[in-house]
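There are two complexes below, and they share chain A, which is joined by chain B in the first and by chain C in the second.
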Partner chain A sequence: MVGMENAVPQAYKKPFSKKIYPYLFIMPFALLVFVFFILPAIATVVMAFTDLNASLKPKFVGFSNFAKIFSDYNLPQILWNSAIFAVLSLAFSLIFALIIAIATQYFLKGKVSAVIYRVLWLIPSIIPAVVYVTFWKYVFDPTDEGFLNSLMHDFGITTDPVSWFTKGAMGIVILATIVSTISGGMILLSAAINSIPEDLYKAARVDGASEKSVIFKIILPTLKWPLMYITISELIGFVSSYFFIMLLTNGGPMRDTTTLSLYAYQQAFNLKYYGYGAAVSLIVVLISFVLTLFFLRLFDFDQMIKRSRIED
Partner chain B sequence: MSTSTLKKALVHTYMTLFTLPIAAMIVWYFLAATMNFTTGQFSLDNFSFFQEPVQYSGVKLPMIWPIVLNTMMYSILIVIIEACISVPTAYAFSRLDFKGRRSAMKFLFLMRSFPGITLIIATFFILVQMNLVNTYLGVLLVAVTGSLPGRVYIMKGFFDEVPWDIEWAAMVDGCTRFGAFKKVLVPYVLPGIGAIAVFSFLGAYGEWFLFKLLIFNDDMLTLAGYLSKLVTKENQIVNYGLITAIGLFYTLPIVVFYIFTQKIFMKVNLGGAKQV
Partner chain C sequence: MITLKNIVKAYDGKQAGNKAVDGLNLEINKGEFVALLGPSGCGKTTTLMMLAGLLKPTAGEIYFGERLVNHVEPKDRNIGMVFQSYALYPHLTVRDNIAFPLRERKIPKQEAYARAKETSKILQIDHLLDRKPSQLSGGQQQRVAMARALSKNPEILLLDEPMSNLDARLKLDVRDEIRKIQLSLGVTTIIVTHDQEEALAISDRVAILNGGKIQQYAAPHELFNYPINLFVASFLGSPPMNLVDGKLEDKSGDQVVVTDGFEYKLPEDKILDRTYMGKTIKFGIRPHDLVVCDKNDNQAIPMKVDLVEHLGSGKLVKVTDTQGKLETMIRLLTDNEKEIQPGDLIYIKVKANKFHLFDMTNNGQSIYYTC
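Showing the complex of A and B:
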């Protein structure tokens, strides 16, 4: 009893083993991220300031790679291609994802046809890219065998096969990209629409609300967050990735479908100008980074981290 | 009620119009693979790649069966590695307090939206330094690192949903923190693990880019890399029959797999939509 009076309440100090405990869990992840993410990121920055090429004897060249980029006569066209590709792909895939999500989850909610539409729309994103592109190559095949050409031939519109890829390569690439990315956004939006309680619609109907106001006053406000999320992730994907372009046209004909990120790849791996490729990559990163920061602000990210509720 | 019927009909019309190209695409794959277009008859000539190595406009590729084996091995390895790394990491991010957690979370978010593909030039050189070019290990490590942030995020969403009470209850009953993780939390998030396994499998099964870049031996390719060699050989495809036949052989298992697992997709994205 006497001891109790003397005892001073001491602040609880975590033993060392408990302190390192969480780090053990993230160790493998941290290691991988360090070697294959942080290290390449640093290396890209370093390489961007060297003239590393096929001879593999890098020399520090300062900002001359960047100076070369801005005086590159291909640059205006490539930037224009990148912008057109990203903006059109994003706009169309968002609009179609929204239309299909609302149609299947609101107008046809719970109907078998809605499931059929959704499953069919998911197919282009499920089937592997290499298989998916063969269809578009077939539709726009420049010979008589191609779908559009044989169709036009049968209807007697033209007799000579049209070489679609030389005329509208960018359009074909965008079309193929849109069709396969719609479903990703559609799933997220469908899930969000699905979480709206049925009573809300009923109440709106009792109050005599039109379909238009149900869509604009009930559904769209719920979709605010998923829409922002889809916007950021798809936009960055479109700015930086070039898989479909590579499979469909490989940047051609000429440089008609070369985006900035594909240009970086070609400079590095086809022409072996690794340093120059890294510098172009760095600019792609910079563009994506600005976009990310912009959307991070919109997200109000700090609110979303929760604290652990066990103190040990 | 006639306006409602009219509306339904309108919606159906639009949806059918939107969906028609995709239905046409599916029909085309089957037709192109199984029909001889010059005679207009059903034939399985295109499937001769089962018995003999493929030769296509100057490309000679090895027999398909070892490639199938490679594909399965690679995909399953990816699934196992990604699950084993992302589950503990997501657990730590969701439920443990440690110094730097907040900044680590921010870093994870940044990394997830970071265009990792732009680092491929430098990654290539790091692999060269580590002597990992033209090995499966190199492809595995790069592929896993690229997709981990997304997997960790999905798993974190699942861990966030677990009520704290059941972890408290387990610890009151004498479990250690790790015991609670192993015996209570992991079983609770099993659907999430299933989900990321499906994603990992689909991703690995379709991976062609890293194989094109990092693997030089044709007999080490997976089916995706194999097909990408044929598809990108010429600007236009000469023999649609052969390519759609291989494509069909390659895609059908994944579509069947998808049909059986598609419920999981909806679940994940629901979780994902709520939790970042």
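Showing the complex of A and C:
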């Protein structure tokens, strides 16, 4: 400790050295994240390798849960259902969100009707899911009382009520899903279109740009990153969500609308095969992860983080 | 030739009835470089937008040559336009930006690119063709915007404050270059600016706008020397013209400007009409038309120095009358050699009788000037 004697008298010392403060501030949230995100994730992974069930006496079973999944004769249909549900829901909700955003934010920019129209689209996503599902159940009710059936009967198109859910359960599930998810994408895309400076449209008019050029060369390129975000987040949502399907059809009729995530839920919480359910949901996570990487690559995400160069 | 006849533009909405442009008449000759100059809100940008066809006049007619273009779409007007924000298409390369107007005219890609290259050479940006606008500096973006406007060989080039986003030094270079290119291409050019130095430096004629009306439309030196009214006189010039409230009086045959702080006898060779006597006027003298003189000079006006500012090339001296009765300070420019301190008593006179008189009973119309 040479030279310490000559040092300036020690000022008031804070109870902690400066370095600890950031960690102190993060701590409460880090704890929450740990308890509610990381622990369950670890628990799920661990569970997937056990035969945990209603008896709550788990035994380590290695990969047998996974082996069971792949030998399940329902698997091809469930995977197919998942794929159809996710791909069609995503495609339709993206396209509709895009069309509505461009229509209201470019063609009808600043018009009151455009705002009202967008607000209307928000309704499905803000009413409670149970109410929303009840609405669709009423619309496609298989009896004479159903909205669609009574309408078709009144117009004399059909005489006997149609059992909509037996004929096109997947269609109804997808319809209900996209109607309630369109608004999310629509808002993001509208905001992105709104950020395009007015001068660009003016320049395009002076340059004689067709509407097609304005949409494809000015608007769509601007939407690249929002589109990427919507694609990935909605896709993950569609792959891992089961709520609507459970309420609307509960996977039926037969297994016509059972997706992988609904299957995981049913196995874990209806049949109490917790270990098996965990294994299935791990597969769901894996699929989401691979799809996310694929779309990041597809949208060339590197471009976004690359710096631009400026010289004078 | 471009002719604007009685153009009126009223915006609807909240301020309905407010006329941004109110009965504007303007003629621009082929190949001429004209500046629309005025304070913000004077209607200059609105006028340019109407020339571009991005706004439709509420009343009046716009002719390009003999053709009435009121309802002609921008793309059919054969104009090129540079926006204040440049408005480059951010997701297209410089090459595609410049070629954009050509491609939209269904000109084959190869030819469009060749012409883009040609235009980019004129503006010395041909080494940047593969860049995106975000990879360019402000000056480079400005050139790209110019190139895009010129690539279709427009008959009319419209510039909306094209240099306001450039730094002061770059502005000087760019404005010389714009003028050079304009002269070599012979394209009729209209520039909107609030920068008087810029307007006076590059234009053949300048239209000074205020309140949606043209105040004066003339060559730069004419505007400066013969301002038609008080607005033009006070708007142009830096430091601005001294304007002193006063009255015209006839004192035993001599016509005299009487102000609160001094009297000034009008030169005998320019006698005003008798009807002007007794009128309230503003007496205007440019700071560089005032000189420090000898006490015994018969036109000497005693003044007290209030403030001395060093401008580098000279000094700006602010003076007031010895009794301090004048409401406004009078500014004059002197050279660096003169020793002047605040508080000094000095004598000044109007150089070679260079002054202006504005009739305040008639909206500040100029009634007299000698230059």
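Methods note: the second predicted complex is superposed on the first by the 276 of 312 C-alpha atoms of A that agree within 3 Å, B and C clash if a C-alpha of one lies under 4 Å from a C-alpha of the other, contacts with A are read in each partner's own complex, and residues count from 1 in each chain.
In this text, a contact is a pair of C-beta atoms (placed from the backbone, for glycine too) under 8 Å apart; a residue touches a chain by one contact, two chains touch by 3 or more.
All figures in this text were calculated on a predicted structure; none of them were measured in a lab.
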item	value
Touching partner for A:R205 - first (chain B), second (chain C), both, neither	second
Partner chain(s) touched by A:L32 [first = chain B, second = chain C, both, neither]	first
Of chain C and chain B, partner touching more chain A residues	B
Partner chain in contact with A:P40 - chain B first, chain C second, else both or neither	first
Which superposed partner A:A191 touches (first chain B, second chain C, both, neither)	first
Which superposed partner A:F107 touches (first chain B, second chain C, both, neither)	first
Contact residues of chain A, present in both the chain B and the chain C interface	308-312
Chain B residues touching chain A - in the complex, by the definition given at the top	7-8, 11-12, 14-15, 18-19, 21-23, 25-26, 28-29, 32, 37, 84-86, 88-89, 91-98, 101-102, 104-106, 109-111, 113-126, 141-142, 144-146, 148, 152, 160, 164, 167-168, 171, 177, 202, 205-206, 208-209, 213, 224, 227-228, 231-232, 235-237, 240, 243-244, 247, 250-251, 254-255, 258-259, 262, 265-266, 269-270, 272-273, 275-276
Residues of chain A that touch chain B when the two form their complex	19, 21-23, 25-26, 28-29, 32-33, 35-37, 39-41, 43-44, 47, 96, 99-100, 103-104, 107-108, 113, 117, 119-124, 126-131, 133-135, 137-138, 141-143, 145, 147, 165, 179, 187-188, 190-192, 194-195, 211, 225-226, 229, 232-233, 236-237, 239-243, 246-247, 249-250, 252, 261, 264-265, 268-269, 274, 277-278, 281-282, 284-285, 288, 292, 296, 301, 304-312
Partner chain A, residues of chain C touching it in the complex	52-54, 73-76, 79-81, 83-85, 87-92, 100-101, 104-105, 132, 134-137, 139-140, 148, 152
Contacting residues of chain A [partner chain C, same complex]	197, 199-200, 202-210, 213, 217-218, 221-222, 308-312
